[in-house]
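For reference, the structure is listed below as structure tokens.
Chains: A, B and C, in written order; residue numbering restarts at 1 for each.
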């Protein structure tokens, strides 16, 4: 028989302290500073202002705002689950980053028996964190913090391995993370929510709505994400013109999807009114759709069109696909991550493949072999030497053709979907274990379950609340009325 | 007869899709990358970290926050029009930037048959965007999104031409945009609102007030603007000491106007209490007043005094001028842009002229001819060669005297006011056309007209709301009372 | 007899105008531009992009967000004192910075008869500002803006002298300001609140609670502080690897304290639920605890452990020490600054001392004498010349041993506590003077005292409010009921 208690008093501290012990031990044995953060390695050749910190920190800071403020506010859209959305986001994000530093560190920053830590690792860890937070969107309001921490604990290694395999073996172009971040996160989250299916939620839940204030706060989160998305998509490109294009494309794609979202929101609404849920989510579709080709010479108009296409797919997904998935395929996708990250991620991957197939030396010049680094001639090829005269920093590649690169991209998309979905399903099974404080159906989307709520919690959200609270907490109406009645009667 | 429907279902999508087709066509034919974003132009001389991206992007990111979060929150101050303020700001800003990239591009970044796009254009486009958003402040709550998009569509070309004429022919000093941004935006907005005059609004509107939460959110917007205003005022100055001074002056001016605003708010209030409207608006006056002379050697104390003067003018404007304008001159200026941008812009222009007249080589050294670049000797003048030895980057100028430069500044102020006001009036006439979904007087300042509002919309804003919602939505009180009564009666 | 009026109409403007006159006079006579902001000092050797602006401005902008948005939102946690928290923070911060520019300027940036102003001074002034805002936390809701301005007016010189003495004579290592900022601010604030003791507040105050919205807003403030804290702790370190480590340690320390805070919040709560007050405050403890050793080679795991220790101390302080201090020692510490800044500051100081004692050339290489600049050999020492070959920028030091440096750190801690506490006590005595508009006990934590509040102020905060407002403002219930009754009676 399953343990039904949702009391966190033992479960949450026990889990967190266990995780902390593990992290402390692993950090103690394996984590040291990267060269640019290591005092011992500075010498009379060191130019302090050329420290990698100054190239990476501004982008890191922007992504921090997206992770903690952007996601935090965006996920606070439920009228009675604002604490849960914003605060569990905070908890999961901080744990995930600590954990991703280790996992990604072992795969990507490990040599001489140590993980070498610098701000670059933190950027990578925040990307891993975005993955977990996107998946979180699928199960928002239906999971306890204990479950969420375990989800992060399991998702990060699956992501770390996938990322490592794709980067090291498939060697794809995906600067904005459309495949590795958005598609992975989406199908992992769908896997989890498939297992955590709750039939009763398909009937609609009384606490599932938004309130005026929660809608405003959620838009604020959208705006944080919107404003700093160019930093997200460009953080890991090559420096120089590649990064410059990534900023431009992301900005153009986002602004195209934003005005399209307003048009579609009004058009697809019976009364012609705009829905805040669309403003909160669909406006962002363009940021994902430009991702896989964000550093390429796709031209500004292509970024614009990608923004429109992503927005249309995302909007139609919310309108028609999500209800279908929930009713027929047991995929209850609370924030619609399949629309904002899945469909758009697929479009983005396809666009990336087209951009790869169309890329020529005529458009890129010798930079072609930098942006598409795996198309560069291999070590020893005389062409490489000739190219290196033109671009001194150019590294040897694999001599892939455009078609070969495109095939690897396709393999990466399908591979990522498969691994993510299976990983998500298995994680979902683990999350169904007893003792994880999973909320009952009635207590979903309800802050009262896990938080000490202030006294106005039952009053500020919607008419029923106001009334029930007036009745319950002051208990004046009936009394007064009946007293009056009584008095009148007495008078008679 | 006028079409009175305000249903957006056809109008808004039709307009947006038409605009998108136009933009896609123009982007396809005319927009390409600037050199620093063009892979083809990179070669073995290119130093990636010297890409202009790294000089411009940090300022661009700060201005993004101001446009989307700062303006967005600030304009959400009406208690029942928070969605409208924040979300229409989002819509207009994104469209305006797309459109300004084209319009400003044709005037400023067009060569070889193409507009060359980089982050610098985006900064310029965000300035154009600020212009439209300031004008929006004059008609906030009284206009449909269709009208607002058309306003942006018309305002940007008028602004683009004015900017081009002033920059190319009058060649003025206006680093912070006091003339081109604040004065232009103000008088354009006043022109529009003059034509859209609604006599009934002078009687006060039941939905015009703020709520506790909307006041807080609006202050948050003020703080975003306050914090990043130094980036706004310094984004387009010369690099180096000019930009350094621009940051210092803006910060000092703002902090002087902030504490002055608190003093005046309390002093001019009958009960000595501070008004949130003053905290939201008047505190920012100093950022505008230092604008025209922000990069000059005016001395820190002058920036401080300019902050105080701007604040006083702005405050007196809100207190005495705005009511007068609304009643006597048909100028219903919803956010008081004439106070925060018009009066302060005029003071700033005057201060700029004084700073120009007082500028000497004694104070500036040879940099005088860089900060005041039109005073540099013309091409061929031997003095130029001598100066270029001292400042290698110095470009040839027009050999203007201080007095000549001052006269051009005066011409720019009056020219800008005239063009803006006429442009605004004509735009206002267009906005009165039928089919633009203009809200009726009663539906002004009401989110319910254009948004699907959450169920608590009628309950959270003010006592009447709470009560009417208790009555309407639960309908328990009367029933209960009368039932009780009835029962009692039966018992009798 | 004491003047009991709290009307600000004369008091606040009079004080602010007096302060402004003083500042204008002092700025006019004493403040000029630093070299990098002075046009006169630019010449043909000047490289504009090497202006100090570009090294300092990004950190300055981040700290601006912390001061105005971070503190502003965090301090808005009382349900009826949101305006006060956020807006008085705005007022005090702006005044403090203006004032600190002068005071710190005289001590640190004064030569040739002038204070030389640049963005670096602004960063220093924002640190001084953080000191005042932390102290403000101890008396939040119990003080008028007049009192708060006077507190800032007095605290800044005491802080300026302490800072100058410690930096110039004791020469300590304290990159993150654990001693000078956090410990000073804490004990100064406790000194003030000791004198302003209000026995009646120990019984609990009806307006002291939070609301759902105020809790959310306050978490938003926490997130702003969290996200940019690495910039705060690293703003004044040496450039290069020192600053890199400072970013890493701050981030790790904060994320360790965050997950620990969730564990402890749930564990120490009777029902196992998480408290928002803990999320708002205790999560940040790690940022303080790593402060004093933030730029040293303490290793990532040490930063992690410091985060956990700081969090435990802070949490236990909130739970057990604060109530004790309030009841027994007259220390009513409204925001618990003694837990978040005092206890953690002490731990941080101790950790800094350990890090100093353990620092060896084996770990740091010759950089040892840069990070611990007072251990560098003195001028003339042949060792200095040898070290300068390895690190060209190395400056002569005092040749201190690790033990000597540790003793100076200890002296700094005790000296700072003593000066701060005495300064706070004396300031408290000044704040008790009449005519400073100190609120009565009942009017504490109430925005209505100093602000024109919107009409829903009495309605949105908690059940009693809703009800009392329904009754008071519409006065329909009773009337309706009794009318019904009456009618019924008539019918009978």
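Worth pointing out:
By definition in this document, a residue touches a chain if its C-beta (ideal position, glycine included) is under 8 Å from a C-beta of that chain, and two chains touch if they have at least 3 such contacts.
The structure presented is a predicted model; accordingly, all values stated were derived computationally and were not measured.
Considering the contact criterion stated above, the chains in touch with subunit A and with subunit B alike are C. Both copies, subunit B and subunit C, contribute mostly unmatched positions to the interface they share, with under half of the numbers common to the two.
Centre to centre, using the average C-alpha position, subunit B and subunit C are separated by 32 Å. In subunit B, the residues that touch at least two other chains are 58, 213, 460-461, 466, 470, 477, 481, 485, 492. Subunit A makes touch with subunit C in their complex at residues 7-10, 12-13, 16-17, 19-20, 23-24, 27-28, 31-33, 36-44, 46, 48-49, 51-53, 57-58, 61, 64-65, 68-69, 72-73, 76, 82-83, 86-87, 90-91, 94-95, 97-98, 117-119, 122, 145, 213, 217, 450-461, 466, 469-470, 472-474, 476-477, 480-481, 484-485, 488, 492.
Touching subunit B in their complex are the following residues of subunit A: 55, 58, 62, 79, 209-216, 219-220, 223-224, 226-228, 230-231, 238-245, 247-248, 251-252, 254-256, 258-260, 262-264, 266-267, 269, 271-276, 279, 283, 297, 299-301, 304-305, 308, 363-368, 371, 389-393, 460-467, 470, 477-478, 481-482, 485-486, 489.
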